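Take a look at the structures listed below.
Two complexes, one shared chain (chain A), two partners (chain B, chain C).
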Partner chain A sequence: MVSALLISVGAVSGISAFLALLMVIADATIANYGEVKITINKDKELDVKGGKPLLGTLMEEGIFIPSACGGRGSCGLCKVKVTEGAGQFLPTELPWLSEEERSNNIRLSCQLKVKNDMFIEIPEELFNVKEFRSRVSGLVDLTHDIKQVSLELIDPAEIEMVPGQFVQLQTPEYELTDEPVYRAYSVSSNTSDTRRIELEIRLVPNGICTTYVHNYLKEGDEVIFNGPYGDFHLRDTDREIIFIAGGSGMAPIKSILLGMVDENNPRRARYFFGARSKRDLFLTDKMKELEQKLPNFSFIPALSNPEPDDHWEGDTGLITDVVAEHMESGNNTEAYLCGSPGMIDACIKVLTDKGVPEELIYYDKFG
Partner chain B sequence: MNSATIPIALFFAAIFTNNILLANYLGMCSFLSVSREIKTSVGLGVAVIFVMASTSMLNWIVYYKILIPLELEYLRFIVFIIVIAAFVQLVEMIIERVSEVLYAALGIFLPLITVNCAILGVSLFMVIREYSFLESFIFGLGSGIGWFLAIMAMAGIRQKLKRARIPHGLEGAGITLIITGMMALAFMGFSGMLPIG
Partner chain C sequence: MKQTPQMKKIQDNMRPGVLTLNGFLGTDTRDLVEILEEDAAEVRRLRTSHRAIAEKMSILRDQGMRGLGEFIDVEPHFEVRVDSVRGGIPSPFGDAGLLRKTNTTVRNRRLTREIVFTDVNIHLIGEHGFYEGRGSLFRLEPAELVEILEVETEKQQTDLPG
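Then we have the complex of A and B:
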């Protein structure tokens, strides 16, 4: 009896041990790609152990490529440009890459394994990108369709960012989506407060993320976001500043203005804010307050379709017309725009007509 | 002795009358998830053929040369799974190292089928039906080809289905299972021609 038991245990252990040994040997010989070098953006070099997917390899080195599915190859977000050393496209990558991306050597970093020296290109800003856990500490209705969401950071506890940058907010699985979805929102709060951020989110009918924020999110809920991203920020020059925004395009510009207050910025700045009617206007009191705090700042809200009972006495008309009316020569001006693609294109035309150099018009387009 | 013990008859029986997927309903998980496109189905199908043919031989050796002499037949489930998993892993590593083209076409699917029940099923049938070494190989090869044909048929149907108006609740796995059932009924028509086991 005992011997039968011993034989069975011994046999299974023996077979397993033999196979395990085979695997160990294979791992050390066949699957051993040794030390390989990943060169990022032609200047930063990483010495890593080969054989693992690029996404995970970079993550171990502290470089965080946005990925929603965590490397299962089902979200298609972790795209990276690999200029050398990638080999051919894998069938698991192809569904996520367009014709254009394929010819540009864009690869899905969670599927692509690092087997030899590689040259990759990733946006500089990603070096600073992290994933944050946070808690909703406030939800305020700014207008009938824009909510201000305050997030208190849990882990990491602080975020370093430049006013005007944005983060990607995660919407977890719920009625409208069966996998986590990420959407980008500009931070509207003062970025010198590194422990919390504020976002302004406008409800888009049937929008996965905006519907979640407006109808499901509650105070105290935990929210995951990653960031910061974007190069929309105030340039350090002496030129006059024109800000133009519409709707939730308020957010990054408010953040920039708060930053200007902190450094007591004396530059002349004008902020044109376009809305349909009075019920789409918000934070006008806050802007009035900023006019007091900043020596050379004025806020110019304009309504395109004021309702009769709005009793509106400010500027009316399309934001482009209002800008054209207020502006003299734009030769010594730089401009920062945030709003819908249509609005931005129209504004760029007006500004260049006024003489603002096109390369000094910075914008954040959102769909 | 029945007709299925003639090697060539066994081969065709494994493909058609006793199709591992449609007659025994084994290997459904990867069948359902990968049968969306013909191209990927081919890759997975070839991988299954290869793994079934080789693991049936390997497991035959393990069973008759190790387990039977030690009177440990009852451990076959565990041992077969370990052997299959290790073998698939090794093959994947080797393919990845040796040929990039082969890895992209075939190797990438190997981890998917490590725990495929059809693979284990073939090894267990081999024991139940007391196949010889050659018969095990033929049965494994035939079953793999049968599975390959089944997933190809399904991928073809599903590509047509993309343009069909399927009731919302049946989209995806639902309609695929119904179609698999209908295909299985059709394959039942063969079953009297070449009995097996």
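Then we have the complex of A and C:
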């Protein structure tokens, strides 16, 4: 009796699995969705071949949606509003979408296939995103685990971007990956130099892209990236500025400061930078140089655990404590933060306690 | 124990390119049930439990968070750094929503040894007794975890005075 039941359950499961497999194969090989139309922002129309994921289809048309995993469905960044033509939510999309996003027709474009005419909405600034070929013109160890990568643009030869934005760097196939993957990194250089960019990349344990950059990338190598992305940029106001960062969070803040130098920006600005000991500090000479060029700017590095050999005479303690100690009232202040989610959350608390309105705290969370 | 259809579905989620680029199985060709059973036997041999290991990982991760992305001293002789990268990863068991891509690095100064684990590891070990397959980039050996993180074992518990 039990064995008969098990055999029938097994048979049904087997047939179901076989049929599912047939459907997948048929979808990939036989199904022909023909030409379909994608209407973007009720304005721009694209005639495309149906059957591929929306992310890749848009990429082939030169429209890049931010995606840190190269379309594998493991970063959840490539969200797009699809008002018509999307069909049911897929199981692979659901973990990434909140209830609110689902009710607003937000979809994961790397998972959603274009099978019929579609109406989508994307931010206008994404039309400015392009794919770039570049060459590595410099690799500098800033600390024991942060490397500065300089890239000279080949094609297109120039990039227009705002200080504080990021690009997505492609890691080609190598020992840790059998296909190209993309990861997002903030640009650290002066964006007025449109022919090159610099990135500051911290080695992440087992990280596919960071391991490639630290252990495999060489000067002269060709590198592909796309961008620019992001809305982390200096707001045009008269308020005092507080910058807070640690580690590779230095990158977008440095780019913003270089932009301020270009504009002769007279605003009062203080930059709090946290590190554990002197070996984790970098670009302090560059920051001193910026203090000379920006009359109302000061750089305040703080070490949480200086070594005796460091002979450190600057601020000590966690960066949040140092900010709290230095800051007076934050009523006429806005803040720019870059770091891990834990660091950002702790800094927001300190800043709001000091009276900085939460809506004037801008951040680039790594997480 | 035999691999159930449910277990097979979970193992399919663990393959490269399904939830993550490299998957959770590495070069391991064993059934998921065998992987779980062998690691469970190892944990029993070490006289501890998956939950105790995951709990120690969580405690060190939470204390390391205070370092705001830099290494911080944690009693009695650990240095811990917690850092995050963009994005998240769903559990292949389909039970935890999205887990942050957070790495915790623990240095044991007494042993001069170091281990790195993720929030995904903590969840998979604590809830499912899964340490990832052999050859996986994020595979953790139970014995190394117990030794480097100084997870309390039954023997140590019974050795404690009254």
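Observations, loosely collected:
Note that in this section the second predicted complex is superposed on the first by the 254 of 367 C-alpha atoms of A that agree within 3 Å, B and C clash if a C-alpha of one lies under 4 Å from a C-alpha of the other, contacts with A are read in each partner's own complex, and residues count from 1 in each chain.
Definition applied: a contact is a pair of C-beta atoms (placed from the backbone, for glycine too) under 8 Å apart; a residue touches a chain by one contact, two chains touch by 3 or more.
Predicted model only: the values in this text are computed from it and were never measured.
Looking at the shared chain after the overlay, A:87 reaches chain B, while chain C stays out of its contact range. Within the superposed three-chain model, A:280 lies in touch with chain C and out of touch with chain B [touch as defined at top]. Contact comparison for chain A: of chain B and chain C, C touches the greater number of residues. In the superposition on chain A, A:77 contacts chain C only, with no contact to chain B.
Touch criterion not met for A:154: it reaches neither chain B nor chain C. Of the two partner chains, neither chain B nor chain C is touched by A:140. Looking at chain A, you'll find no residue that touches chain B in one structure and chain C in the other. Residue ranges of chain A in contact with chain B, taken from their complex: 4, 7-8, 11-12, 15-16, 19-20, 22-23, 26-27, 30-31, 87-92, 113. Residues of chain B that touch chain A in their complex: 39-40, 43, 62, 66-67, 70-72, 75, 78-79, 82-83, 86, 89-90, 93-94, 96-97, 100-101, 103-105, 108. Residues of chain C that touch chain A in their complex: 5, 17, 19-22, 65-73, 82-90, 97-98, 100-103, 105, 116, 137-138.
By the touch criterion stated above, chain A contacts chain C in their complex at residues 13, 68-70, 72-77, 95-96, 176-177, 179, 181, 183-184, 202, 204-208, 246-247, 249, 274-276, 280, 304-305, 318-320, 339-343, 346, 366-367.
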